[in-house]
Every structure is written in structure tokens, then in C-alpha cells.
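After this come two complexes, each holding chain A, first together with chain B and then together with chain C.
Take a look at the complex of A and B:
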């Protein structure tokens, strides 16, 4: 097989797939971003994107994604850290991962019930003396549900990189008189930073492109880049504008991947996180 | 290793509680004879009955299963051949380029995949419906299969193939009697993963499904947008059980394939 001069035929389907479903779609998105509603060439979509409406939308989408990522890290890091110290850590890790396999829609649907006007969250508030509140369709519910959904995707890479740290390094640091905090800041944190980076990659980009949760949980109050694309493609039917937003989402994705990129492979295997 | 301190234990218990409460909350109310998700009136199985008596829902369920099985079978076949092709690429640069192209669909957000496939199908004239959904699912599953099969192929010793060649095996024999048996665990893992991604997908399907054709997640979305129906709860309890089975199956095969666990699809 090594010295086969002709390109083997069995590869054809795979290369056709690359051409048709990897290269062509991206090319089409770029092409359509220069078309107006009638199909004529225009730069208007790009002009529109830099108008205040879309810039504000982009900024707010980034702000939400930033908040969601930050809160997810704050919750997931201690979880991952303490998980590495449990007895059956692989089993516990599996238990953290299982909820990520449950369909996103069902989890969002559960929160429609939990956060509803007569749901358990409001019953708890009433028991505490605060009257029933409108929790659903607020920024709070949007961020809460997003963080809930992304926790497993952050715990897994952080857990993996913390678990790889040689315990002798921590013992050495202790023996040399470092406090627990110094040990964490100077030894554990820098050694596990790659896990955090993979986690950010797995959370930030999907958080920018969420549209199911915004529709079901946030009403139409929160508009992310993903929601805007869906809106343009399926509601307004303005594919040109939708493609323009998609072009920028692709650009942001590339920038984020370069910022959080690492030569070491492994980040890729953290699952399909879209 | 140091034992966990009390606050650490409480913290972990809290995280697990938060992760599982919504799921069990859904399943709990699927047995509620009242029509709401807020007050439990009495035990009933009527919502499960409603799922199995709703012909439309059963047809949608069948569509979903057919799409999942067909797409994972076809994508496994194409992906395995693709992975074998990548391993035998001699030029390092070409190989890296193909690998990068392979990962694009894994890292792109679903909205972008959905939107670009919608443009593609409209341009080449594929009617939106069963065909477009099936093709999309095959397309986004192929790179996952490749990723799952590659490590197995890379650990395979080249002398196995040399030995087979020396013993007079044809290329076809080498493929079917040496390579495929060796990478079987990777193939099964890829197949399972493709299956779960297809069953789980909402966003891509949502873009390319058109009007007449619907899968389970599309149906759940439109039901959820209309409000609370305990039929969804019964459905989600059933889906939970099936998902658990698939995840365990997947772990069984990846354990044998010697690969690290991964998370499911964050489909957004």
C-alpha cells in the first residue's frame, strides 16, 4: 500500500465530503455575505454590521459569553480540583459528564418548569418571604441555564490537566515551605492552565452562538450572534445579512482559538462542542 | 492523597445536586396526573400512554431512529476509509492540512453548519426534508468517526501490513483482514458517537429540515415553545434511559479502544 502510485479509489468519498461539506459551505457563506436580498453584489451587509444596532448586539453577545464563561470557570475549577482527590475519581467524572449527553432542549424545558411562576424556584422564594418573581425570560435565567449546561464541558478539561500534575511537585513545594495558596498559585494553576484554555474554547464559542436557550429561556430579550443568524436565515429570510454575521462569528472563533490554542493535542477530544 | 475536607464534600454534593435536579425533576413530573410541572397530584402512567398512542409522534420517533442509524452507518464507512487514507498520506504537510479540514466541522458552531448547509442544499437543489437532514447528519458525523479511528490506526505497527504483503495478501485482503479487525474498537466507538450526535442534534436539523419533515428534537422544540405538556416529560424520561444505555455502550467500547472519555454534544 505504501508504494501505490495511483490515488486509491476508496478515498474518493472522503475527499468529496471535504470539498462539498467543509470547503463549499464556508465559501458559500463568504459569497452570500456580499449579496443583497435580490441577489446582486453589495457591501451593504458589512456596512450594516458596523452600524450601532449590530455593534451593540455583538458587544452584548460577547458580554454574555464572557459572564457565562467566567461563572462556569469559577464553579468548575473547584469541582475539578476536588474531584481529582476523590477515591473513585473516574466514576465521579463520568457522573459529571452524563448530564452533558442529555438533549439540550430537555434541560432547557426543565428550567421552563423550574423557573415558572408556580415552579419550585418561586415556591422557595415565597417560603423565604419574597413574593413570586418573574424569573423566566430574564438575563438571570439565561445565564443560569447556560452555565448549567456548560459546567461539564469546563470540568472535564480542567480535571484532565489537574490529574496529570505529578504529586511530587506539590510535595516538593510544601517541603520548601510554600503555603497552600502559594502552592496553588505557583505550581498547580500554571500547570493546569491548558485545561482552563480548552475549557474556555469549549464554552465561549458556543456561548456566542447559542440560540435555543435564548429562544426558550430568555424570551427574545437576549440576542446572541447565533440568535441573530437564525433570525436572519429562518425568519427574515435575509441570507446575505445572516451570512455576514456568520462570517464575523467565524472570525471571532478563529481569534478565540488562536488565543486559547496550544500545541499539545487533547483539547480536540473533549467532545463536539458547538 | 489527602482526604476531602468537609466544605469540599459539601461543595461537590451541591454541584451534583444542581446537575441532576432538573433531569429528575422532569422525570418525576412525567408521573403526575395533574397537568402541570408545579403540583404533584397523583401517580399515573397516562403520559407514557399518550406517547405510545400518538401516531404522529411515533412516526417522528421512527424518522429520528432511521436518520440516526443510516447516517452513523454511512458516516462510519466514509470516515474509516478517510482515516486509513490520512494515515497513509506520506506528505506531512498534506496530512496536517487534511486533518485541519477534518476538524473544521467539529469546532464550528451548529448555527454556522446549519446555515451554510441550508445555502448549499438550496444551491444544488436538494429538496429540504428527509434527504437534506440525512446528508447533513452524515456530513457532521464523518469527522468524529475519523477522530475516533485515527489513534487506533496510528498505534498499529506497519510490520503487520508488510507481513501480510510478503505473505501474498492483496490490498483488499490487507484492508478487510488486517486493518479493519485491528481498528474495530475504534470503529465501534466512532459509530456510537455518531449515533448519539445524530439523535441529539437540534440546531443543524432545525435549519435544513424544511416544513414536512421533523425529528424528535425539532418536535420537542415546537412543543416546548407552546408551553408545558407532560408528554414531553414522559418522552424525556424515555430518552434519558436510552441515552444512558448509549453512553454506557459508548464507554464500553472506548474503554476497549483505550481512549479517554469525552463529553456529549453541547448542541446550541
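Take a look at the complex of A and C:
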């Protein structure tokens, strides 16, 4: 579309949308983070955040988010690579994406059944000779379910950037005598790194603030910043403290976006789709 | 461009059709005359048949919604938007709602069935003279356990939960006041304690229970116990009754050091749209037959004397769910400790959750 006088008019809904649903909520969170229970100005929330409880919570959130992201990459990368080699790419991709349309709560409840003492997972273990194990409410079940939920969000951007790579480059690398490993290291990996970065953004940040799964699958034995925010808003009604934790989450998000930032546009939706 | 316009108009047309359908459906479900009331209650906390019966008797149609915590209920009523006519908060929430001027006074003339209520449950400290609230159900916090999974072990004391034989067996309810309160009670302190030293001691004691804790969850406790996934749970009496309904092996006890005694009550929010209908509903729920049927269904203890007379004595003489007055003496009712103290309780609860495994 050419530049025309009507262009700002087309953009107006977009700007209003951004102002109402992006800028205003973030501004409100900042505002509330400086209020105490009575609504008076205070810096106490920030001071409180640096107490040992919240710092340790932040560290443990980061640790779990890191583990979840790492395992997701380890599974999603080969999957995405294999997808680019298959005949019916779009069909396989769809099959991987479909589970992400199912409500998170439903999936969590399904896993309660699967991982239960009398569930199929333990039946299988018993058939293999290992007695019934406590799988539910452990670190293992928490990470397993989280990885399962995040895999589609990692596969999609990696697939898109791998699929975009011109096969001629790989052929050229082979022709010039590079081994498969060198080809991967020097050609495929650098060209697809943006997909991995987008995937990390799509997984790491939500993983920091998971809270439904921490309760249903980890039995509240894993505490993330999300749990704390939920509690501050719904139970303690300390919106100030809840907002302060949210402010730090936003900060962490910005830092991660900067670390995984990309000069060239790429990732999620910029890839070749057909 | 053409495609965008086509897609946009398709969305608009579909939305218009859906809007029309929703409206038509709502119109057909509203009965003519009598108006409607909306009731806001805890999940699984009423016999749905009674709602139909009420609609038939009074021609008032009922819109029924549920909440899962006093806090979220209060937040929703406070924000307005939806007008609820009747809600069922717990006693400390009523105190807070009174403070915030969220309640409509109740006209006792319109509730003749109030005389069916055991006077023990009237005129309680959280609402003197029952100006704003009418008792609905009451109960305790205690330990539900399955002796068949525990070689006959019983639970007379909170300290029994610390028994090393219970490794990875205990489920706790995900609620700060219940869990910290249990720690306080086990040390012989009041569960309304605001003494930071006592609270610290209770939290430190709770942490030593870490190895025994299997999970800290909400309503899922009932399913876990029913399916024998867990052997012991700290929970509310009515949840225990729900478990026992399906799994007869399960037993329930209120530890001797004391525990929480709570009351849920019917109130009319200030924002109510149909105050008259709300009174009619409250009066209906206090009818002996209705209250008896409701108590049978829900499993919590009814404060309705006349209803108790109609119920199976095996239920109402069960001291686990209808503790006699002497036993109730050692139980405590939650006081509204104020937001600041509630914050402290929650902070300690978080700390306990974080340090459990060590």
C-alpha cells in the first residue's frame, strides 16, 4: 500500500489497541508496585523482593525454566530437522501443533491420571519389574509435563528457520568436502540460530511464571514467580507486592529478549510456509 | 484487500448470529414473572435439584455461579459488573465485607424459617444479631486418613503427621491459614496468633514435616484420597465426608490440640438487584426438608435443628461431623486478622513450601 493521507486512519485501531492493552497495563503494574496495602506510596515492596524468600524463588524459577528450555531444545531441534526432510511437512507440523490447542488444565488433569500410583505409567513400570513409584508431585513430573507442553512452541520456529535454508548451501558444503558434522556446525546451525532464539523466547519466559502446573503436577513443591504473583493477587490481596514481582518478571523478559535478540528478522512467522 | 474485507465480514456475520442465538437461549430459559436472582456459591455446595424446586415454587429463575475462594468472591463482588443476589462466604470474609460496606442488611421478618436454626449458630461474634448473614453450613478442619493403607495408624494429635512412617504420604490443603494454623495448634498456640515469634516457631516446625508431604493441592485432594493415591490429608470436614461417600475405608478426626471451626453463611451483597428474591431464596434454604436434603447431598454439617431431626441419626450423631458442644469448645473460629497479618501468614506459607524438601 502506498503512503496516502488515509494511512494514519488505518493505523488508529492498532495504536489504540497497543495503548489500551499493552502500555496501559504495564503502566498500571508499575504504578501499583509502589503502593502498600493501604494505597500509600512505598518502596517496601522492592525491599521485600530482595529478601531471601523471593530471591531464592527467583533463582529456583530460573533453574527450572532453564532445565525446561534446554530439554525442549534437545527434543525439538532433531524433530524440526527431521520434519524438514519428510514428505508431508505441513501434515506432520500440524500434528505436532494440535496438542497445543488443547486447554492446559485438561492436559494437566490427564497427566494426574497417567502419572498416578494406579495410572498407566506405573502399570508399565510394574510390567517391567519396577514397583509402583511416586511419579506425580516430583521434579521429574513437573519438568516432563512442562516440556511436553512447550515442545510445539519450540518446534515451530526452529522448523521455519531450518526449512528456509537453501539446500544448495548444504550441497555446496558437501561438495567442498565438509563432513556432516562440519556442515551442521558451519552451515545449518548458524543459519537456523534465529529459530532457536525465537523458540527460547517462547519457552523460557512462560516457563518462569508457570503456576497451574506447579500446583497440579508438582503439588506446590516447585514454587515459581507465577505462584507468588497468583497468591499475592488472589489470596493476600497485596496488589502492590504482586505487581512488584510482575515488574521483575517484565525486567527478566526484556533482558532475555535482548540476549536472544536478532538483527535479521526471522523466527516464528517469517519462515517459508509453503 | 478484498480478502480482508471478506474475512472481516464473515467474522461479523458469525458473531451476529452467535449473539442472537445466545440472547434467544437466555430468553427461553427465563421464566415469565417472578424475575430472577443470581446465586454465587462455592463449587459442589448445593443440591442442584433444590434450585429447580425453588424455581418451581416461586417462579423466580436462578442463575447459579460458583467460586473457589472467599478472596476471589469478594474481589468479584467489590468490582461490581455482575450483580449477585445471594452469596455464601465464610465468617472472616463476612467480617471483612462488613468493614468494606459490601453487605445489605437482612430483614428477619422475611425469613420466618430462621427459627429452625440452632441458637448456638446465631449471634456469633463475626456478625452480632445476624444483621447481615444467615448460617448455611459449618464444619471443622481435621485429618482424613485411610487406615487400610497405614496399618491401622490413627490420628489423635497433629503431631501424628510428623511420624516418620508417613514418608511421602501426607497431602495438605493449599491454604495459608489452615496449614500455618495447624502448625500453631500443634504447638498449643491459638490459630489466630499474631505473635511473630509463635508464627516463626510454627513455620519452622512445619518445615520439619517436609519429607512426609506428598503435595499441597486444592479440591483435587478428594479424588486423590478416593483413589487411594494418598493415605492422609489435612482438609475440611465436608471434603472428608465426600471422600468417605465413595471410599468407605476413609476416616476423619479432629486432633485433640484443637483446630478450626468455621461457618459459611448466606449474605446479600449491597449490589444485589433483587433483594426480595434473595430473601425468598434464603428462607427457602432454611426450610427443614430442603436443608436436610441439601446437607445429605453436600456432606457438610447443617446448623438447622429441624433439619437434623429429619436426617438419618447415623449421620447426625456422628461426632466426627457433628461434634457435641463440649468438643466444639476446643475449636477456634478464624478471626479477621487484617490484610497485613494475612500477608505475613502467606509469606510464611510460601517459605514453608520452598523449604519443604530440605
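Here is the rule we go by: the second predicted complex is superposed on the first by the 241 of 274 C-alpha atoms of A that agree within 3 Å, B and C clash if a C-alpha of one lies under 4 Å from a C-alpha of the other, contacts with A are read in each partner's own complex, and residues count from 1 in each chain.
Assume a contact is a pair of C-beta atoms (placed from the backbone, for glycine too) under 8 Å apart; a residue touches a chain by one contact, two chains touch by 3 or more.
Here the structure is a predicted model, which means the values were calculated and not measured.
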Three-chain arrangement built on chain A, chain B and chain C clash or fit: clash
Partner chain(s) touched by A:111 [first = chain B, second = chain C, both, neither]: first
First (chain B), second (chain C), both or neither touched by A:59: neither
Contact breadth on chain A, by residue count: chain C or chain B: B
First, second, both or neither for A:220, with chain B first and chain C second: second
Partner chain(s) touched by A:43 [first = chain B, second = chain C, both, neither]: neither
Contacts of A:255 with chain B and chain C, given as first, second, both or neither: neither
Which superposed partner A:169 touches (first chain B, second chain C, both, neither): neither
Contacts of A:137 with chain B and chain C, given as first, second, both or neither: second
Partner chain in contact with A:236 - chain B first, chain C second, else both or neither: second
Common interface residues of chain A - those touching chain B in one complex and chain C in the other: 112, 116, 118, 215-216, 234
Footprint of chain A on chain C - complex, ascending: 69, 71-72, 75, 168, 171, 174, 176, 213-218, 220, 227-229, 339-340, 342-343, 346-347, 350-351, 353-354, 356-357
Interface residues, chain A side, partner chain B - complex: 1-2, 4, 8, 10-11, 13-14, 17-18, 20-26, 28-29, 32, 75, 78-79, 82-83, 85-86, 90, 92-114, 116, 118-120, 123, 148-153, 156, 160, 167, 202, 205-206, 208-213, 215-216, 226, 229-230, 233-234, 239, 242-243, 246, 249-250, 253, 257, 268-274
Interface residues, chain B side, partner chain A - complex: 1-4, 8, 11-12, 15-16, 18-23, 25-26, 29, 36-39, 77-79, 81-82, 84-85, 88, 90, 98, 101-120, 123, 139, 142, 144, 147, 161, 165, 171, 174-175, 196-197, 200, 202-203, 206-207, 217, 220-221, 224-225, 228, 232, 236, 239-240, 243-244, 246-247, 251, 259-268
Of all residues in chain A, those that touch chain C in their complex: 37, 53, 56-57, 60, 112, 116-118, 134, 136-137, 215-216, 218-221, 223, 227-228, 231-232, 234-238, 241
